[in-house]
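Before I ask anything, let me first share the structure, which is written out below as structure tokens.
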Amino acid sequence: MIRGRGVEKRYGRRRALRALDVELGHGGFLVVTGPNGSGKTTLLRLVAGLTAPSAGTLEVDADRAGVGYLGHEPLLYRDLTALENLDLYGRLYRVPERRERIGMLLERYGLWDLRGERVASYSRGMTQRLALCRALLHRPELLVLDEPFTALDAEGAELLDHELAESAGRATILLTTHDPARVELLATARLALA
Amino acid sequence: MFAFLVAPEDADQGISQRIFYFHVPIALTAYACFGWGAWKALRLLWTREERYDLESYVGVHLGTIFGALTLATGSIWAKASWGKWWVWDSNQLVLFLVLFLFYSAYFMLRFSIEEGPRRANVSAVYALFGVALIPVSFFAIRLAEDFIHPTTFTRDGPQMTGTMFLAFCVSWLAISVVAYTLYRVELLGKRLDANLRELREALT
Amino acid sequence: MTGYLADVAALARKDLRLELRARDTLPAMLLFVLSTLVVFHFALPTGADEVAAQGLLWVALVFTALLGLARAWAPEREGGALEGLVLAPCDRSAIWLGKAAAVFLFLVAIEVVALPAFSLFFSPLDGSAVLGVLLANVGICTVGTLLAAMAAASRTRELILPLLFLPLAIPLVVGGVGASVSTEPVRYLTFLGLYDAVFAILCWASFEYVVAE
């Protein structure tokens, strides 16, 4: 699914990611760890397709419609409701049976009661849950999650555990975290950046 | 090289005429630089190769310098011909004023974005807008003549005899050579800077 | 094709919904344009002819548009939504077109009030003037939306947008004023159409590079 050789990312003088080899097969679960500034986020953004490497080659077997990304920012419109946000993304991703899928996700993640409220009024945990819904909306075959547990409350984190356990094997998952023990059982590969 | 520049001066009397030999070639060279910068910008967007970013930038940079010179020589020409430091009658001059404003914004834009592919792409797109603006502005200024200012002065490109034309071409060639040399020099200098930085980083 | 237009429509609807909910940009633009027109009354010495006033209309419109454009991409910035749109499988140019369409509608909404106000304060506007305004709107929206996205990538944001926009707006002002005052408005209207076509194509093709790395 992912094949990278000598992948490097520079922003002018600043080197965000040192030459890196990375490989992950279909259905794999790669956990990336490392201190802040080691390039975890950069690597995930490269895989998700938000940016291109400055050097080296990176092949990802999924197109934009097949990638679900969760970054540090929720990628949502603060002045729209949960329903409106997901409806927009649902249309852009051509999600079949959009309304049902949205309803199902909102319920599963405990956001159904808040569906008509503006995202600006959500707590951080709720926003992160909605961001997760957004990433999962189109049933992506490649999940790219950048420190997804960080902003979640305990209940939200449990829901994510569930989701990861269900998806592992079916979808390919690339995840960074400061708490690798949490996903230790599911991981098929580990990468520690320096 | 300087001999070439001097020769046309001797060929004529009157500052107004003399300036013409500088003013128009400088203007044409400025257009060429902007076009070059835009071409390199297109190559950058097409191939994503980093080196085109610097080449495009230097092209635009030189174009702006020559553009400023065009405005300066044009102003001198205006003073010599009509006694004022600025006239709105010369379409060429007004066009260069608009372009100068546009490309000055290019630098403000470029230096307010962090270095990297985003900056390169945005600069490139803006450079392309620049060359699209040149003909559009030209027509706009022409159209504006109708209601801005009745043309009281006949715009005189001096009637050129054979020898004058030759002197003009020589001057144009000379200025083009100067421009090309400056381009290579600046490009080389910037590349050396970049290589030096990389070396320094590799050592730390 | 229908997929593309559907995307554009969904995106434009989103912007309309946001503005209707927040209701901050449109009223500000409206107040701004009316205040500017009043300032112009005091700025025009008596004896200044009608033609000068027509020119000032365009100044008012351009600067009011700038006010609106400065905030055009603000919703995308706040939650990082722009990256969400870039990640989506839709054509990047659809992002631009949807936003430009919304800005166009905002401008028209402003002008529905501003143009009659101008006719009231200064002098009546004829059909070719109104057509000129509409054509110039297209140019303002297409170019302005793209430039606003460029400015959003910059550190100096709101500061730089006018610098980027004004040189490109000059031909629009020429076209618009010409359409209002000239005896042959068709020439100017055609010119505006040409500007719109050239720059719309340029924006459509290049937006991808402005917004994605």
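So that you can tell them apart, the chains are marked A, B and C in the order they are listed, and the count of residues begins at 1 in each.
We adopt the following convention: contacts are C-beta pairs under 8 Å (C-beta built on N, C-alpha and C of every residue); 3 or more make two chains touch, one makes a residue touch a chain.
The structure displayed is predicted, hence computed values, not measured ones.
Undergrad: Taking mean CA positions as centres, which chain lies farthest from chain A?
TA: Looking at centroid distances, B is the chain farthest away.
Undergrad: Determine the chain that sits nearest the middle of the structure, using the mean of its CA atoms as its centre.
TA: C
Undergrad: Between chain A and chain C, what is the separation of their C-alpha centroids in Å?
TA: Averaging C-alpha atoms per chain gives centres 36 Å apart.
Undergrad: Just curious, how far off is chain C from chain B if you go by their C-alpha centres, in Å?
TA: So the centroids are 29 Å from each other.
Undergrad: State, to the nearest whole Å, the distance from the C-alpha centre of chain A to the C-alpha centre of chain B.
TA: Chain A and chain B have C-alpha centres separated by 48 Å.
Undergrad: Could you pull out the residues of chain C that touch at least 2 other chains?
TA: 213
Undergrad: Which residues belonging to chain A are in contact with no fewer than two other chains?
TA: Residue numbers touching two or more other chains: 51-52.
Undergrad: Considering chain B alone, which of its residues make contact with at least two other chains?
TA: 114, 116-117 - these are the residues of chain B that touch more than one other chain.
Undergrad: Could you pull out which chain B residues touch chain A in their complex?
TA: Residue positions touching the partner: 48, 50, 114-117, 119, 197, 201.
Undergrad: Please name which positions on chain A make contact with chain C in the complex.
TA: Touch list, chain A to chain C: 48-52, 63-65, 67, 69, 71, 73-80, 84, 88-89, 91-94, 118-119, 134.
Undergrad: Taking the touch rule as given, give the residues of chain B at its contact with chain C in the complex, in rising order.
TA: Touch list, chain B to chain C: 45, 98-99, 101-102, 104-105, 108-109, 112-114, 116-118, 121-122, 124-126, 128-129, 132-133, 136-137, 139-141, 143-144, 146-147.
Undergrad: Which of the residues in chain C come into contact with chain A in the complex?
TA: 3, 6-7, 10-11, 14, 17-18, 21-22, 75-76, 78-81, 83-90, 212-213
Undergrad: Give the list of chain C residues in touch with chain B in this complex.
TA: Listed in rising order, the residues are 51, 143, 146, 150-151, 153-156, 160, 163-164, 166-168, 170-171, 174-175, 177-178, 181-182, 187-188, 191, 194-195, 198-199, 202, 206, 209-210, 213.
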